[in-house]
Amino acid sequence: MAAMAMERGTAAEALVGQVVLPGDLLLLPAHYDEDAEGERLRLSAGTAPQGRLLCGPGLRRSGAGLLVTKCGLLRHRPGGGGAYWVDSQQKRYVPVKGDHVIGIVTAKAGDVFRLDVGGSEPASLSYLAFEGATKRNRPNVQVGDLIYGQFVVANKDMEPEMVCIDSSGKSSGMGIIGQDGFLFKVSLGLIRKLLAPKCEIIQELSQLYPFELVLGMNGRIWVKAKTVQQTLIIVNILEACEYMTAEQRKQALAKLSGN
Amino acid sequence: MAAAFKTVEPLEYYRRFLKENCRPDGRELGEFRTTTVNIGSITTADGSALVKLGNTTVICGVKAELAPPAVDSANKGYIVPNVELPSLCAERFRSGPPGEEAQAASQFIADVIENSQMIVKEDLCIANGKLAWVLYCDIICLDYDGNLLDASVFALLAALKNVQLPLVTINEETGLSEVNLKQKNPLIIRKHPVATSFAIFDDTLLIVDPTAEEEDLATGTVTIVTDEEGRLCSVHKPGGSPLTGAKLQDCITRAITRHKEVKKLIDKVIKSITPK
Amino acid sequence: MPLDHRRLCGPEESQPPALWAAAAAEDEEDEEGAGAAPRDPCALRPLFARAGLLSQAQGSAYVELGSGTKVLCAAWGPREAAEPGPGRLICEFRRAPFAGRGARGRPGAAAEREAEREAAAALREALEPAVRLGRYPRARLAVSALLLQDGGSALAAAISAAALALADAGVEMYDLAVGCALCRPPAPAASWMLQPAEPEERRAAARLTLALLPALNQVSAVLGGGRGGPPEDWAQALRLGLDGCHRQYPVLRQSLLRAAQRRDAAAATAAAAAATSA
Amino acid sequence: MAVEMEVADGQCRLRPFSCELGLLSRPDGSAAFLQGDTSVLAGLYGPAEAKISKELPDRAALEVLLRPKVGLPGVLERSREQLLRQTCEAVLLGVLHPRTAISLVLQVLSDAGSLLSCCLNAACMALLDAGLPLAALFCGVTYALQPDGAILLDPTARQEQEARAVLTFAIASSDRKVLMATTKGSCSVEEMQQCLAAAQRAASTIFQFYRDSVRRRYSKN
Amino acid sequence: MKATPLSNCERRFLLRAIQEKKRLDGRQCYDYRNIRVSFGADRGCCIVELGRTRVLAQVSCELVPPKPSRPTEGVLFFNLELSPMAAPGLEPGRQSELLVSLNRLLERCLRDSKCIETESLCVVAGEKVWQIRLDMHLLNHDGNITDAASIAGIVALCHFRRPDVSVQGEEVTVYTPEERDPVPLSIHHMPICVSFAFFHQGTYLLVDPTEREERVMDGLLVIAMNKHHEICTIQSSGVVMLLPDQILRCSKITAVKVAEITELIQKALENDQKARKEGGKFGFAESIPNQRITTFKMESAAVDTNDVEEQAGEIIAKADPPSEVFASPVVHTPGTAQIGEGIESSWGDLEESEKEEAAEEEGESEAAAFECEKVETEDTSTLKETKSDEPIVLSDSEEEEVVILEPQELPRKTRTQTSIKQENPSKKAFNKRRRKKRTSR
């Protein structure tokens, strides 16, 4: 049986940029083999030699190699031991520590707000986790408002917790999102693309006219332009990007700026 | 000590036993629990049987009624099996209408009847298009300690073997049916399907006739139903751990042996009540 | 289309064969009637009781009457309940579809459900005074009775069995509850009869089921009805019934003692086995 | 006629397959799967908030609902739901999302034979589309045993009716083991093993189809 | 599954856009979304897509006795289900208020408009008529379920063919499609629902609202009409403050929309009919949009099964042969038998005849004690009751449970009782006694 499993395995490097499916076995260069087990332990112990391989979302350790658990494109980042992960087109968000997301306030309960972030349970956000907030000076937040914040606690076993301040107590762009503008949802894959540094789509859009944009890792986008019409155009273009090639998008944009 | 270990780490506890090729209750991996059958205990039913597999206890009562055959199968009678898991058989079952497990078991029993052709529905027809027998086979689990399917199939078979149907004739002049309650005949049982269930442990080990505890810890189950000719009437593996064809073959082998045991048992018990 | 989609259904309607054998059926009834005539009205039926026989339930009991009535009971408790206040006793009564003579009971049918609900309520009436519910605040105790065969006096048997099951489950109780049924045959001036069989019950002019807490000598439930009679007549019935309860009590007690001994013996064996294996 | 020829070749054929991913806007994952004229639509929500009564402390609670096209779901649907759910559970890495609920709804669009295998394929594609973590893939394969003993792959409704036995397997992509098996009619042990071996062969073709579908879907990224 | 809440900014933005006569998807106020109709391989089966809202409809038929009040008319049955896949928050089997009102509306649109001739569905007056059943399933909810379902319903009814029947005397023959071509239903006209959503106290109205628009609307007006401009149903819900001329305006818009939709439906039906007639391809597989990257097709593929027989043979050959050794049954009493030894069960084992003697003996020794217990009761009546249990003997080797109700065939066990007779139950399912392995200790 083991031999059969090996047969299925393919060298990881050869598949970078290709579609992988759950159950696929990725083989790593031989020198990772011996110490594949206890990987994490050593990582945290800090005794690990440099060049430790990171195994990102959609992948699991399996014997000497990596087992794919999500379908999508295999990505690789060189440097250090390198990192592998799978980029997938998923819609449902699962909170991850450090992610910036847009939440909708669903309730105020005692000292915390409950926020819908699109995950499996509501996130909590303390009254005090806003810049300049004190017991007396509470932020003015209503049910139904949008909040842009960051996860400080997010794992499978605990209730996710958000804050709107960074480690130095500054808002750094987080907090309540304005009352105007519009909120809509796209796939998580598209959000990751939009958040990538120097994203072409955003650059092309910004040449149309000025607008404000907030991108949440949970697939939510808030956008506000000068007029309703302009806001709607941005919304429609971003939604359409889900299935457009760069070529098609450029054509569509050209048509718009022509108008 | 052992009890505490069992409570805290039930799976590890089992593994220790399985490694030694035995189970906490003293059985070997391929060993069934004591199987007891008693037939005819419910006099209000036309046929009945009580089957015990260790603690697991299942009772099947058959009631025969008359109805016109369905329009699209004018020469066939009906067999209507239903499995009930009442709240008294185990704590997790709620009162009220049958839940998923009971319904899945009912469907399984219906499939076994159909697949094995143990009773040919044509045999239940009295007058083509006019009158046929309806056999309601109600299987109730009284004590659920695992392996419901084996016990249910056996109880059904034993109860059907026990059924005595009164003679029904159609009066040619009046066209009405007449029932003679004094003259009773047994059903024609054409095949004797016997089920053998296995639990899969840790994706590899197969243990036969699992208890409720073993079912809980198992990663899957398989049920094989064979008839006296060694044909397969059902290979029922409702998901769970994957198995190879060779492992499945091992299950079938065990099932064939089990069939012989059970067949002998049922023959003997039927013989014991047949007036000589 | 109100079809039961959780059960396999046969044809929409079917009749028991006895319907087509009208003549023969009457004969049979007559025979039964004749057989019942010389019965001593004060006679009790043979009673078999056994407690602690189910492996999964915390407490269980099985009661069988000579007339063919078979009842199995399981009890659980206490379980945590959401609602505050003293403990609650949840009773369930189910009839196996094959329990009755004649047509098969249709589980889930409205009439069937109604009858079962009524019996469950009577069961609760009879048992509640016997259980120390105050000792189980915010908790639920549950008893389920399953009637496997109805040979008459089914509810009375269920009451006895349910009380045994609760006691077997280790629930704190003031007393056991013992059930007894009576009926008055249709014949004029007929006297009440203890523990009627199913045909007697079917023909009866009046019926009565009562539950007694024998040690306390208190009646916990009375359920009866039928063609009226003078109060003295009913008082007589009550006396007869109570007597019946008292006479059944030792047998029930005995079965509980047995169950307890068996459990102790099993525990000892297990301990011994553990000791040897260690 | 055509069937006989295929048998003579020692070959079995799958009907034309098609599949559309993510076709529903509301669910987190969706797929339509077609095998010949048999087609099933699958929609999946989750991992989402679980009802307290259904919550499991150590893994995601998976619920599978099978909706017939005519009438309400009955006992048959319930038993198939159990088969489908336990098959999905065997590959789903539910421990990664404890205390959540995953709900998979399958709607029969057209039953022209081999319905259960089509349900399995649609379910797996919906799991893929939703991006849930899976240890492996599975596919459904149905074989019919004809009265003459020949085996027939992916039978139509009529072929199923004429068959002596119909066997459906769910095959896992890892090592081609059997996840689920269910049979209708009776067959010999040899026949069952033959169908199983043949199903394992057919699985390779179906998994390749899965891969090609997903490749096409990601072709513009 | 909980539905995502609607944020304040979405609500405000949508309402502002409506005031500016702008819609999210770029439509004008009176524009309908794209309608796509696809047919299944079965007759009477279609999927209607209205934008992203999707409804499946299937018509089926069955011969049933007619309703007593209408002995010469067929029976119509309509049912819409909101499948839990259509949106989060829809639970299976729950009759929500929305579902009930939708079903009532469709019923009025399709039944009360008398669009289907029910007389032609009668086979034998008072005995057998066709019951036509229309099942609709909402598969994806993006607003305006009513219109999508009404279109799907009527299309499925038009597409349906029932088997032909003939009546000769009492004999009703139902023909298979091979014997005789199935017959279409006779449909007088096609009522179609058009929904209008109202905002800002009825100032603004939108045709064919999406789900988000429905979430911020004040009220809804549904008008069902056929292409002859006959209104079949009209219904308002929610807070609708309408002026008479607004209703008039809506009905004019409806007439235009209905004409367009009817034409589209007819074209779709014709295309499908043509494909079927000319032996072309039809069914859902044909309606999958090939150009999309989310779809993929594979032609019929061959699977090589050449050596499966050998492979199967090998597996069977390798397996151990079935064991020839197995337990033999022991009959305890007539009707009760057992195989297997050993494991104690709490139900107690059934009696074993050889041990009966032992029970007997012990029983004897206990008889006295037992009788004491019963003395009083036996005084008062001829008690037929027998004891249920043996009294307390805790001999560790043999402890049993006894059984009162002995069958007649074994009179020796009636012990002290003299009166046991006719009531002996005929079986002993529950006569049991505990048996311990003597060998164990």
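Chains here go by letter, A, B, C, D and E, matching the order in which they are written, and residues are numbered from 1 within each.
Criterion: contacts are C-beta pairs under 8 Å (C-beta built on N, C-alpha and C of every residue); 3 or more make two chains touch, one makes a residue touch a chain.
Since the structure is predicted, the reported quantities are computational estimates derived from the model, not experimental observations.
Q: Following contacts chain by chain, what is the lowest number of steps it takes to reach chain B starting at chain A?
A: Between chain A and chain B, the shortest chain-hopping route counts 2.
Q: Using mean Cα positions as chain centres, tell me which chain lies farthest from chain D.
A: Farthest by centroid: C.
Q: Between B-E and B-C, which chain pair is linked by more C-beta pairs in contact?
A: Pair with the higher count of C-beta contacts: B-C.
Q: What whole-number Å value describes the gap between the mean CA coordinates of chain A and chain D?
A: The separation of the two C-alpha centroids amounts to 31 Å.
Q: I'd like the Å distance between the centres of chain D and chain E, where a centre is the mean of that chain's Cα atoms.
A: The mean C-alpha positions of chain D and chain E differ by 20 Å.
Q: Once you find the CA centre of chain A and the CA centre of chain C, what distance in Å lies between them?
A: Going by mean C-alpha positions, chain A sits 63 Å from chain C.
Q: Distance-wise, how many Å sit between the C-alpha centres of chain B and chain D, to the nearest whole number?
A: Computed from C-alpha means, the inter-chain centre distance equals 28 Å.
Q: Of all the residues in chain D, which ones touch at least 2 other chains?
A: In chain D, residues 22, 45-46, 48-49, 71-72, 75, 78, 101, 172, 174-175, 189, 193, 196-197, 217, 220 touch at least two other chains, as defined above.
Q: Could you say which residues in chain C touch two or more other chains, in rising order?
A: 1, 6-8, 53-55, 68, 70
Q: Which residues belonging to chain A are in contact with no fewer than two other chains?
A: 243
Q: Could you pull out which chain D residues touch chain B in their complex?
A: Interface residues on the chain D side: 75-76, 78-79, 81-90, 165, 167, 170, 172, 174-175, 177-189, 192-193, 196-197, 200.
Q: Sort out for me which residues of chain C touch chain B in the complex.
A: For chain C paired with chain B, touching residues are 4, 6-11, 13-21, 24-25, 28, 53-57, 60, 68, 70, 72-74, 76, 92, 94, 96-101, 103-104, 107-108, 142, 144-146, 148-151, 274, 277-278.
Q: Which residues of chain A touch chain E once you look at their complex with the stated criterion?
A: Contacts found on chain A: 104, 106, 116, 118, 142, 144-146, 177-183, 222, 228-229, 231-232, 235-236, 243.
Q: For chain C, which residues are in contact with chain D within the complex?
A: 1, 3, 5-8
Q: In the complex formed with chain A, which residues of chain D make contact?
A: These residues of chain D touch chain A: 22, 28-29, 45-50, 91, 93, 96-101, 128, 130-137, 172-175, 207, 210-211, 214-215, 217-218, 220-221.
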